[in-house]
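Going in written order, the chains are labelled A, B and C, and every chain counts its residues from 1.
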């Protein structure tokens, strides 16, 4: 694996499968009496959040603590309008505190790249969501959740529905799921597709009803409130009618198909309450899996002298003489 | 005496390598495991409350073989699982982050059980130290015992095996390779 | 009085000849010029063997930042950069603080230029008060001031209101002015960060679509034709814009256009680094756009190269892309970029370069003593340029106060050896004189 996890596109198939396999081991920890491992003892993980996200921050914090890392949380107020704390100065401060990894959530697309490449910091940088760009650990936890229900994702059909244009989750998932061999279909009104989406290697559709019967997993994306008055679609009601997942549409799904949502949901908008709470919904499980996947990422980046090498040549089987 | 790490993993022989002198062949291994199985049963007066945990990778297969032999004798399934010690190693930081192996604890858990750890080679004792730590986070066994196929000496910690397939005097420069059918296509212990 | 004899210079890349400058004029041109013994001690002889002589370059689009952002650039440092780039005249854009929307501010800038003395500074007047796009600034007062403003622009902002644009185009006819439009439809480019295309979608950066530029250019061409005014299009950057300007010219309309060096060389792919050094407005476009802009410049559709030299202090570029300022330095590298992209590729001759970087911008700005041919009796505004050397651009070596050059570390051809402003050297041996 690379030193930083900035984009889901940074992961080769071997890397991604290593993360998922490692996450499976981490996931088992949740069923044990002592939910803690010593692997990152003495390591310091900084959660640097320039944008509010209690869920993601808590997930990373739990992951780091379960690996016995020291955790420093830094929350900076500031938006693209009020510049607030400078990313650079914050990075320099945290670097001086001896951070081994920086988990960064930022309103600006590319901020984790700046952190990793501008020479401000020598730590591993983990992108915890940047602007409308990427959210690679979300894609990993989504893929992990899918594999637990669907097995190998090779050839599986995944529908991602909603505001693709502004969704970092959609971007990261499109990259990762393709790496894992799945067939991705993005579904949105034409106004919520980015220009050039046809070059992403995914299918696209404006018609949710045509896509649902073939899907093995359906991921609903949140539609943010600020989009609602920006003419991306005429009204919430029309959006829900055309792109919302309700009980009727759920009936069109195959028996094994799961329903996902990265959260937080707007019930009644992109997903109805009965769907979100149905047997097919793995939304709560996604949260549990999020901790396991983030543990896997932190362990693989920080657990050794350098990030894990995802080829079979380093299998532990080599080491009987060290027993 | 070398420093704290005996034979760095990178210098260890590859698992698939068939170089070196064979010290145990398939039949020797089978006999050794049979003997270990009987000794475990004898020491613990049967398989009551026993749980076998193999240390990945080859220890897991050895544990399964021992458990099978014990089940034959006892006419009852002996619980067997695996215990990954990777994250408890004292040399984690000396190499790139290591791939984890599965930890599978049998359904009954390990609390108040007699856990027999099973590994292929006992050398510095550091793996077993890690295994004891890992076990500690999973539960509280009544007792922990250790079975190994080969004890090659050169202990660096106050750890000894309860059940040994073969004591193999070695120099630290030598490399012991355990090859198992499940993993390597054949059973053999070689030294070079 | 300074007297210079430039030996064996190649005027516009032609045969080697001698050029003698005296009294602020080109006094004589010829082979093996000799000076009378009486004045010989006063004549400085410069060996210009292998060097190309060009008329002093004229930039129609420079941001000197003074008054208001003296941390980014001052008239003094900006004109030093201009001189080092071979410029003898620059037009200073109006988006200063306070905005150059009154006779007072334009005269201040003009005077600062005179005091600095590195090149002539011609202030551009704002079209609307405070660049707000609401009401016309006192264009006539600026035209009548000591600064003699002829170019008006809200550059940095678009005069988006079609009625206001029409009025501005009409009004400046009274003093033969021109409106230089920053063509950017504001609603289509809200929070825009980079060229809208495949890459903006992947990078999650809000797109700046070509149509936002092209729609305004098309509208303004039609407006200019309708009211019979002349229009200048700033920093044209897309293939579509080239087509529209070509069409307007084919109609005989009085439209001129400029392209910036960075739009001749760099593409939007650079945004993938998220390094804001590549953030500029209009944004870097696709390779196809670069090709079209080069072709437009070659065939004369695009009249001039203008730098859009836009200095920014380090902290405004050493940050997240979205938080960073738009703009890049241009004065000290413009001629090299033009050589690399247009001359070395055979698209332009050095005579064409003189047209695009000196004669035409001076004509558009209605300058009398700049953009003149290198001929006897003309003002001695001369650049000596060595096209044969290559240099590695070092941001730290620039005269500009700012360091935001996208070319740092790049190998570029050519180097300005000397610049003469009215017979007086502002640059000698590649250094400020």
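Quick note on the criterion: a contact is a pair of C-beta atoms (placed from the backbone, for glycine too) under 8 Å apart; a residue touches a chain by one contact, two chains touch by 3 or more.
These numbers were taken from a predicted model, which means no experiment stands behind them.
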| item | value |
| --- | --- |
| Chain whose Cα centroid lies at the greatest distance from that of subunit C | B |
| Central chain (by mean CA position) | A |
| Gap in Å, rounded to a whole number, between the CA centres of subunit B and subunit A | 38 |
| Separation of subunit B from subunit C, taking each centre as the mean of its C-alpha atoms, in whole Å | 76 |
| Whole-Å gap separating subunit A and subunit C, where each centre is the average of the chain's CA atoms | 46 |
| Residues of subunit C touching subunit A in the complex | 191, 193, 196-207, 209, 273-275, 315, 318-323 |
| Residues on subunit A engaged by subunit B in the complex (per definition of touch) | 18, 21-22, 25, 28, 32-34, 36-39, 67, 299-309, 314-323 |
| Residue ranges of subunit A in contact with subunit C within the complex | 80, 83, 86-88, 106-111, 113-114, 117-118, 130-134, 165, 168, 171, 194-197, 199-200 |
| Subunit A-facing residues of subunit B, complex | 5-9, 12-15, 55-58, 84, 86-88, 91-103, 119-124, 126-128, 133, 137-139, 175-178, 183 |
